[in-house]
Structures are given as structure tokens and as C-alpha cells.
Amino acid sequence: MTGYIIKRLLSAIPVIIGLSIIVFAIMALIPGDPALAILGSYATPENVARINRDLGLDRPLYEQYFVWITNLLQGDFGRSFILNRPVIDEIMDRFGATLILAGTSLVLCSIFGILAGVVSAVRQFGWTDRIVTFFVLIGISTPSFWLGLLFILIFAVQWRVLPASGMYSVYGGGDLPDLLRHLVLPSITLAIVATGVIARLTRAAMLEVLRQDFVRTARAKGLAERKVIYKHAFKAAFVSIIPVIGIQAGFVMGGAVYIETVFQWPGIGAMLVNAISTRDILLVQGGVLVVAVSYVLLNLLADVAQALLDPRLKS
Amino acid sequence: MTEALATKPQVSTARLSSWALLLNNRLAAAGLVILGIICLLAILAPLLPIPNPNATNPPNRLQPVFSDGHWLGTDHLGRDILARLIWGTRVSIAVGLSATAIAALVGSLIGLVAGYARGRVDNLLMRGIDMLMAFPYILLALAIVAVLGPSLINALYAIAVVNIPFFARNVRGVTVGLANREFVDAARLSGKSHTAILFTEVLPNVAPVIVITMSTTVGWMILETAGLSFLGLGAQPPQADLGSMLGEGRRLLFNAPHVSIIPGLMIFALVMSINLLGDGVRDVLDPRLRAGDLTRPRSVTNIKRDTIPPKTMQSSDILVVDQLETSFQRGRATIPAVNKVSFSLKKGECMGLIGESGSGKSVTALSLLGLVASPPGVITHGGVYIDGEEVLSKTEHGLRALRGAKVAYVFQDPLTTLHPLFRVGDQIAEAILAHQPLSRDAAHSRAIELMEQVGIRDAKERVSAYPHEMSGGQRQRIGIAMALANDPDIIIADEPTTALDVTVQAKILDLLQDLRRERGLALLLITHDFGVVAQVCDKVAVMKDGEIVESGETKTLLKNPQHSYTKKLIACVPELGQGKAFLETVRPLFAEAKP
Amino acid sequence: MSANAIVVKDLVKTFGGKRTLFGGTSHAVHAVRGVSFDLKQNETLAIVGESGSGKSTIARMLVGLETPTSGTMEIGGEDAAALRAKGSRIFGRMVQYVFQDPVASLNPRKTINDILDIPLKLLREYPREKRQARKRELLDAVQMPADTLERYPHEFSGGQAQRIAIARALAAEAKIMVLDEPVSALDVSVQAQVLLLLDDLKREFDLSYLFISHDLAVVESVSDRVAVMYLGEMVELDTAAKLFHSPSHDYTRELIASAPRLESAAS
């Protein structure tokens, strides 16, 4: 098992290197003078010269990449000229907020998605199945940014039961219950689409597995139907759902961009949208890289979890 | 073989039925209607009697819904929301469809080439796709827009790029399966070049997958382009799509919620109708869904008998099957698979049930304890008596008490019939615990004993192996050990050696034979192989088209078959030692078949 | 033409075993380990063996679907490597192949007409009218009705599909046929019919067969000589009569002893 984990860890290295090259290329691809693009209206001659020196733009591309990646590894992501602070500081400040939001949503969508999918498969063609299927369809068809606005209108403006925006109350608050109250609307909004997708795939996986020969074997042994479904069939289906959850983590992290904007959640997603509007390229670069690398690591975790449950994958 | 030729090909009706199937699905039909109306409005936008969507009229701003001259009110610049909605929908649909077309074209091409070429090309292309997939979905789109600058066309490219991997992966998956199929090799041997094979042999088979992927992704793409516009990274004023309308309206959320709610509702209606239709399309194009194969089989076969046979029957036989009839329901038609089959089995006796594919022998075996997958299976007539008790009248609970206890099954392919994720010892122990009040430890040591009895060496170590770590023969021994777990009176073995090599088959048959003699088991052996029957069975019944055409003592029946079908069948089995004479003996049997 | 349709010398096929990125070697599977044999004109040579014995790999190498790791093959007196260099079409005119699973060997989305048209057009380069006429002759030869042409593969049973697949192989007018388990996916009664058909065709078209099978009784009924494969090696090669009556290798003896027999009834 340790061997498998090490192998899998090693295989993530080329992916992360590839990611860094793509993100680096974003810089290189920007038409015109990168220094001007980075600085925008801050482009005084001194600043341009400094950027060019900082980034080593007078050197060939691959050398520039090595300089850039070496700096990255030392925690130097460059400096945001719009915010006038190091990129790494801004990212560190906001990364936690995104992690809380995306993490909560991922837990919510995994639990409810799998639950809904299993129930729907077990009661196939019954009323529960129809209702679940219908809500799943609504879930995956609703624009999350619009749903967020509706929730604000209903729960914050009309009923005034939950806060409309932010992560903590401006006055007082700052404790865990305050955070949780602020977390309810954005995390649910963010989880809805992913819940739909997971429910759908769980249902399909369960139905597929229930047709397999080994389920018939379990029945032929005289096992109780409960055991056949929740032990034999569910375990086999769950193994194929784990990677789906890994992929949904990507959707949740990406979807955070909308939700953080709508709910003014101080995370990396909202930061990225602002940075793109202000052409703060170094901040975009750093933010994208950090989120992408954490996504890769999360998928790695999903792979390992799958291998732990499925002995066939290790050999 | 003439019956198959009698049915004329019905290509046109098959196509028609696809449409009919789609429209039969009420939800899909509703999706089609809504989508049709929305598209029609969008296409006819220039002809409709609506105001110019960009004509501002500040004094008249933020009019509510249903106000005079503005059904859906006006926005913060006094522009008519209805007009903007229709024109915005037009833009959103156009962008969504273009993005889908680009992603489908590029992604499918990558998938086709990677899946067909395999090796280095595959590796290179798919690692590239993996790179794209390594970014969280919308983040890559953001990065692309960051490079190209915010605009609708750039948003379109970004969304297309991030969707390429879905097409590439799905198409590659199917292509890999197809490229290994014999018909691709056959086309190669017929002189086709690789390019020709890829586009004329493989592509037509991949096309349904491309259509399914398109129908499931087009909704997302519309949603995501709207999302980019909502963030201000897509359509730039004065150009407007549904997303940018929503984004602009968001600032007025508290004063004039309708400005943002209406475009959001439109996006929802559009995407929902596409998804409803997409699901319908998928159901029609996916052959498994079409055949109803993805319905959940119940724990006991449906039993719909007009008359329930008497509970007890005077007979010394341990198993009596009386006039059993099992059918399959396909749509409204009921297709009989087992037709009034009767036979009986004494204690310790071995009977072979032999027949060719489709003769109903396996369905008969599974019907005995209600294990035929249902839907589509239905038991429509007859009774099954075990120890004088009618089994099919029992409750689910009563049936379950018999399964694996008094009557145990051994199935054909042990790789698919054993659970891949549980250790073999646990699977045997589970069978024991289902019927005996033992502790886990006791069941575990009993499992080891059973494994030793079926001839597995090092049973103490192998008990914690997974099925995939064993050879085919060993796996089948596990299957047999599991069947023996509760000391059954009857074992029903359904083609237990068909998946095995001859040398292994011989050993497994010997094992079954020994166990039967030691324990006085009655064995019902389902097979297509007369050699197997001859080797182990006391008596044999020959099945054809769901009926038993002849039965009797194995020796007599094989030596002196009565029914013409049995005669022909036995004559067709080549025997070692016959040599080339075999062909000459069967030639007269098929003489009349020749033109 | 020489007297031998196929001559194979020291044929080796190893899958995997390549250097990986980190300097190690991946797991190598020695499918065929140095096999030599020849197939004479108008002869039926059978290769028997169990799963994993390498018999199908030999067949696939002979028709150019796999490339040998080492060793030489001569087909119709010409070196196979040289043939392949001239392009797959020349290969296809020399030797054809019949697959185990007949339904899988026919493209489900093409009519039989399309399927039979390909070899006639690409390998024989016949004009349109000639192709139409040939297709009817071929269907006649495999005893299928002419209206087969407009149909799709799924409309046929396994036995019928195998006849169509044989017709396609005949269309190339190659004199050598590699038959890879051609009857093992079929029911016994259909199996006998296809064996008869193959026997008739052999005489009618002057063919040489390399017959791959795991079924000893089937092999005995069709072959002149028999080769036994075991774990990638050819352990025995002899005339059918000799091999079945006095097998010299232990494995051959075990195979023969394992085959179920009708006369064993009531033992």
C-alpha cells in the first residue's frame, strides 16, 4: 500500500510541473509588453524596468520559467501592484476562507448526493425516485449565481434569518456560530449542483452494480436484501463514485468563484475575479496555481482512498 | 436458421421508433416543446413587435413587471426587459451551441485519434487532456479569459476549451473498446488504411456517444458562459447575453429584483429544457437503457400464476419441477423462455439439463428459487417442490431461508460471480452466517475447512485472498466451497466449467463428483456439453426452445436417442478418435439444407 | 510457388518488457517463445492449446496484426516482413483470417453489402459490376441467400454471421486462411455445419488452413497435422493420427485425457 501511495505521489509531480508550465504560459502569452500588462496604469518607467528585472524578461523563456519556478518554491509569487503587497500574503489570507466554503460544500454534496442516489436506485420508478430525479434535474439546471441571489432575497431580505454576505459580522461576531450562520447560504448554494451530479451518478452506479452477477450470487446465498443492497452492491458502487467526488471537488472549487462574488465571501475566487478585471496578472497566476495544485492533491487523495477500498487497483 | 431470415429488415421503422421513443418520454417531450418555443422566439427576434433592446429611456427606468408597454418592466437605463431577454437568449443560445460545436469537434478528434492509435500518441494527447482536467473546471476558463481579455468571444473559446476533455475522454473510452474489436482488425485485413478505418468504421459507432456528450454538455456550456458574463468577463456592454443582464441586475437586487430574477429564470428554463431533452436523447441512444437492462432486479422473480399448485405432493423425490413456465417481458410483449418444463431429482442423484444457447436451461435453473432477474422475468405457471413443499408460494423470507441452505447454486464465471472487493474467506463465511448461528471466528475457521475440502492448498493463507488474486480454477473451487457452506441437499450448477480450460474442467468435474458421492448431494447440472453430461450425470433432459424434448438415463439416451433433435445434436458432437470420419457422418444430416 | 504455404522459424513474441521512464523494465509476457513450423499447400494444420498458450498470438502475427519480436515468417514463399513493407494490401491478398466471435467481427453499423465490398474493392480492385457479381457468388459459396446483402449484422445468428465472415475472407481470393477458433463461439449443431462448409470450401477453392482451436475433438475431425502449444512453446507437432493415438509429450497426454467423452457415460 505504501508503495502504491509513493508511486501515486510521484505521478502527481509531472502533472504539477505541467500545471506550472500552463500557468507560466499565461504570462508569456499575453499580447504586448508583459510589464505594461502587469502594471496597467501603474506603468511608470521605473516600475517597468523593475518588473523586467524581477521577471528576467530579457532572458530566454525557459530560463525565465526556471527563475519563476525557483522563486515560487521559495514562496516568492511576486508582488501585486494593485494591492501593493506580496501575492503570497494575499493568497494566504484568502485561501482559508475558500477552503472552509468549498470543504463544507463538498461534504454536503457527497453526503446528500450519495444518499439521494442510493434511495433513488433502491426505489427505482417509485415516487421517491421520481421526486429525487426531478430535484436533481432542477439542481443541475439552475445557475448557481442566480440561486445565490434568490436565497439572499428570500432568507436575508424577506425573512431576515440569515446574513446576506461576508464571512463574519462586521460588529461583534467573529466566533464559530457567527461563521456557521454566514456559511449556510453560500455553502448550500455551492453544493446544489454537485449534489445533483453525484446523486445521478450514484443512482446509475447502483443500478449497474445491482445487475452484476455477484449480486445474484449474494442472493443465491440467502442473504437478507438489506445486506445485498447496502453491503454488497453499495460497496462496489461506492468505489466507482469516489473519483466522481474528486472531480466534483473541482466543480465546487471553480463554482466558488461565483458564490464568493455573490456572497462577498473573502476567498480566492472573488480575489481572482477582481484580479482579472484589474489585469493584476501576477495575482491571477498565483491564485490559479494554488487552487489547481490543491485540486490535484485532493484527487490524489481520492485515488488513494479508492485503492484502499478496491484491492484490484493496487496490483 | 431460416426463421432468422424470415424477418425483413426494418430500417425506416427503427429510425421512426427512436423518435417515437423520445416523444413517448413525457419529460423529454416537454423539454423539446419548451426549447422549441424559446428557440423560435430567439430566431424570430428581429421580426417580433418588440422595442429596440438597446434604446435607453432613463426617465422610464426600473418599471415593474406588467407595466404599460413593458410586460416585463424596464432596467436601470429604461430599456425594455422583454426585448433584451429575447435578444439576450439569442446570444446565449448561439454562444452555447458554438462552444459545444468547437468542443465536440476538437475533443472528439483527439479522443478518436488517441483511442485508436494507442501507445505514444495516446499518452501524449491524454496527458495533455489530463493537464486541462487538472484545473478546476471554471478556473481554467478564468485563466484563459485573463490572457485573452474579457469579451464574449473569448468567453466562448474559454468554455469550449474547458469542455474539450469531456469529449476527448468519453470518445477515447469508446474508441479504445472499438479499436480492440474484431471488426476493426477485419477491416484492416480487407485492405483499409488506418485513417479510413478510423473515419468509416470506428466513427459511425462512436457517433451516438458524441451526441450524448453534446446533449449533456450544451446545458453546462450555456450556464458557464452566462456565468462568465455575470462576472463581467464575458459579454461587454452594450452587447448583452442572459448572464450579463443578470450581472447588471444584481446591483439593483434590493430595489428591483425582477431585473435579475427574469434573466435567471430564462437561463434556468433554457438549461432545464435542454437537460430534459438531453436525458431523453441519452435514453434513446444508449442501447442498455433501451433494452431496460438498467432496471433494478428484485430479490425474488415476479410470480404471476393463475393457479397455485397444491402445497404438498406425494413423492419421494427431493426436487420436483411441475409444468414450470417462465417468460420475459419486453415492452408489452411476453416472450416465453421456459415452457411447461417438468422433471424430478432423487436424493443423491445427478441430472444434466442440456441444450444450446437460448434453449432456456439457465432460466429453468434460476427459476427454481426465484433468481431470474425481474424485471423482465416472470414465472407464469407451474410449481417447484423441494422436499414436498411448494417453493414458489413461499414468502420472500421463506425463499431466502432455502437459498444457500437446502439448495445452493454454483454459477458459470467465478470472476464475475464472486464479489471483487471482499476476501474469498469472508464471502464463504458470510454464506455460513446467513443460515447458522455461529460466531464470526467459528464461521471463519469453517470457511478454511471448506476451502481445504474443495482442494485449495494453503487454505489458511488463501482465505484472505481476493478473487482476482486466484486462477479461474481456484475461483470456481471457492464458488463450490460457498455452495457447500450449509450442507445443502441440492446443488444447482449452471455451466460450472464453461469458462475454464479442459484440464481444469476435468479437475472441477472430478471434485463435484467426489463431493456428491461423499455427501449424498443431488446435483442439477446445466450445460451445453454432452461430454460433461456423459462424465457426471445419471440422467439427462434435453431442452430446445424452452421445452424438454427428451429425457432419460444418460447411457441409454446417449446411445439411443429417440427425438430427432437429440439425435442430430448428439451426432454433431465430434468425438476423439472419430477423426475425419466425423465430417462424413454429419454431412447427410445437413444435406437438405443445401440449395 | 514452393510446396509450403507458410514457413515459420524461431518465432518469438514478447509483450511489454520495455524500459520505463525510471530505468526499470515493465513486466514482460513471453507469449510465443521460439516456435517453428510449416503449413504445406492444401494442408490443414491445427494448433491446439489452452488459454494463454500463445496460439492466437501466432495467428495474429501471421496475418500482420502483430509484429514478431524476432524470428522469420514466409507466406506463400515470400518473407512476411518484405510483404508488410509493400503495404497491408499485398498481405491481405496472400493470407486471410477468420475470427472467433463472428458477430464482433462485423461492423454493427454497416450492411453486409458494405462489408463484403471492402476487400473486393481494395484488395482485388474490381470494378463495380464485377463486385456485385462476386458478392452474389461468395454468398452462394457460403450458402447464404442473396438478400443477405441489404441486412445488418445483428439480424443474423452466430452461425450465419460466421458464414458471412468466411465469405469476406474468401473475397480476398487469398489461398491461405488462418482460422482462429472459428467454431468455438457456436452451438454444436451450428459448429458441425460450419466445419462442413470449411471443408467444402477448402476443396473448392484450393485453400490451405491454419486452424487454431482449444477443442481436441474438433481439431481431430478437420486436421492433417496437429501442433500442441503450451505456455508459448510448441511441445509436439505430428500427424493427427499419430498425435492422438500415441502422444509423446506429457502435456498432450493430459489434454487428451481431460477431454470429456460420450462413451464415458455411466462410469
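Residue numbering begins at 1 within each chain, and the chains themselves are lettered A, B and C in the order written.
The criterion applied here is as follows: contacts are C-beta pairs under 8 Å (C-beta built on N, C-alpha and C of every residue); 3 or more make two chains touch, one makes a residue touch a chain.
According to UniProt, the chain labels map to these proteins: A, B = Peptide ABC transporter permease; C = Peptide ABC transporter ATP-binding protein.
All values derive from a computational prediction rather than experimental measurement.
J.: If every chain is a node and every touching pair an edge, decide which shape results: line, ring, star, complete or other.
T.: Per interface graph, the chains form a line.
J.: Which chain wins if you rank chains by how close their C-alpha centre is to the centre of all protein C-alpha atoms?
T.: Central chain: B.
J.: Based on CA centres, what chain would you say lies at the far end from chain A?
T.: For chain A, the chain whose C-alpha mean is farthest off is C.
J.: Just the number, please: Cα centre separation of chain A and chain B in whole Å.
T.: Chain centroid spacing, chain A to chain B, equals 30 Å.
J.: For chain A and chain C, let me know how many angstrom lie between their CA-based centres, rounded off.
T.: Going by mean C-alpha positions, chain A sits 53 Å from chain C.
J.: Which residue numbers or ranges of chain B touch two or more of the other chains?
T.: Correct list: empty.
J.: Scan chain A for residues touching two or more other chains and write them down.
T.: none
J.: For chain A, which residues count as touching chain B in their complex?
T.: 14-15, 18-19, 22-23, 26, 29-30, 121-122, 124-125, 137-138, 140-146, 149-150, 152-153, 157, 204, 206-208, 210-225, 228, 232, 235-236, 239, 249-255, 257-258, 261-262, 272-273, 275-277, 281, 284, 288, 291-292, 295-296, 299, 309-312, 315
J.: Show which residues of chain C lie in contact with chain B when the two form their complex.
T.: 50-51, 63-65, 88-89, 91-92, 96-97, 99-101, 104-110, 118-119, 122-123, 140, 143, 145, 147, 150-152, 155-160, 165, 168-169, 171-172, 187-193, 195-196, 199, 214-218, 220-222, 240-241, 244, 254-267
J.: Which stretch or stretches of chain B touch chain C in the complex?
T.: It comes out as residues 1, 4-5, 7, 9, 11, 181-183, 185-193, 201, 204-205, 356-357, 501-503, 505-506, 509, 528-535, 554-555, 558-559, 568-580, 582-583, 586-587, 589-590, 593-595.
J.: Flag every residue of chain B that touches chain A in the complex, lowest number first.
T.: So the residues of chain B touching chain A come out as 127, 130-131, 133-139, 142-143, 145-147, 150, 219, 223, 226-227, 230-233, 243, 246, 250, 253-254, 257, 260-261, 264, 267-268, 271-272, 274-276, 279, 293-297, 299, 369, 371, 373, 396, 400-405, 408-409, 411, 413, 416-422, 430-431, 434-435, 466, 468-469, 479, 482, 485.
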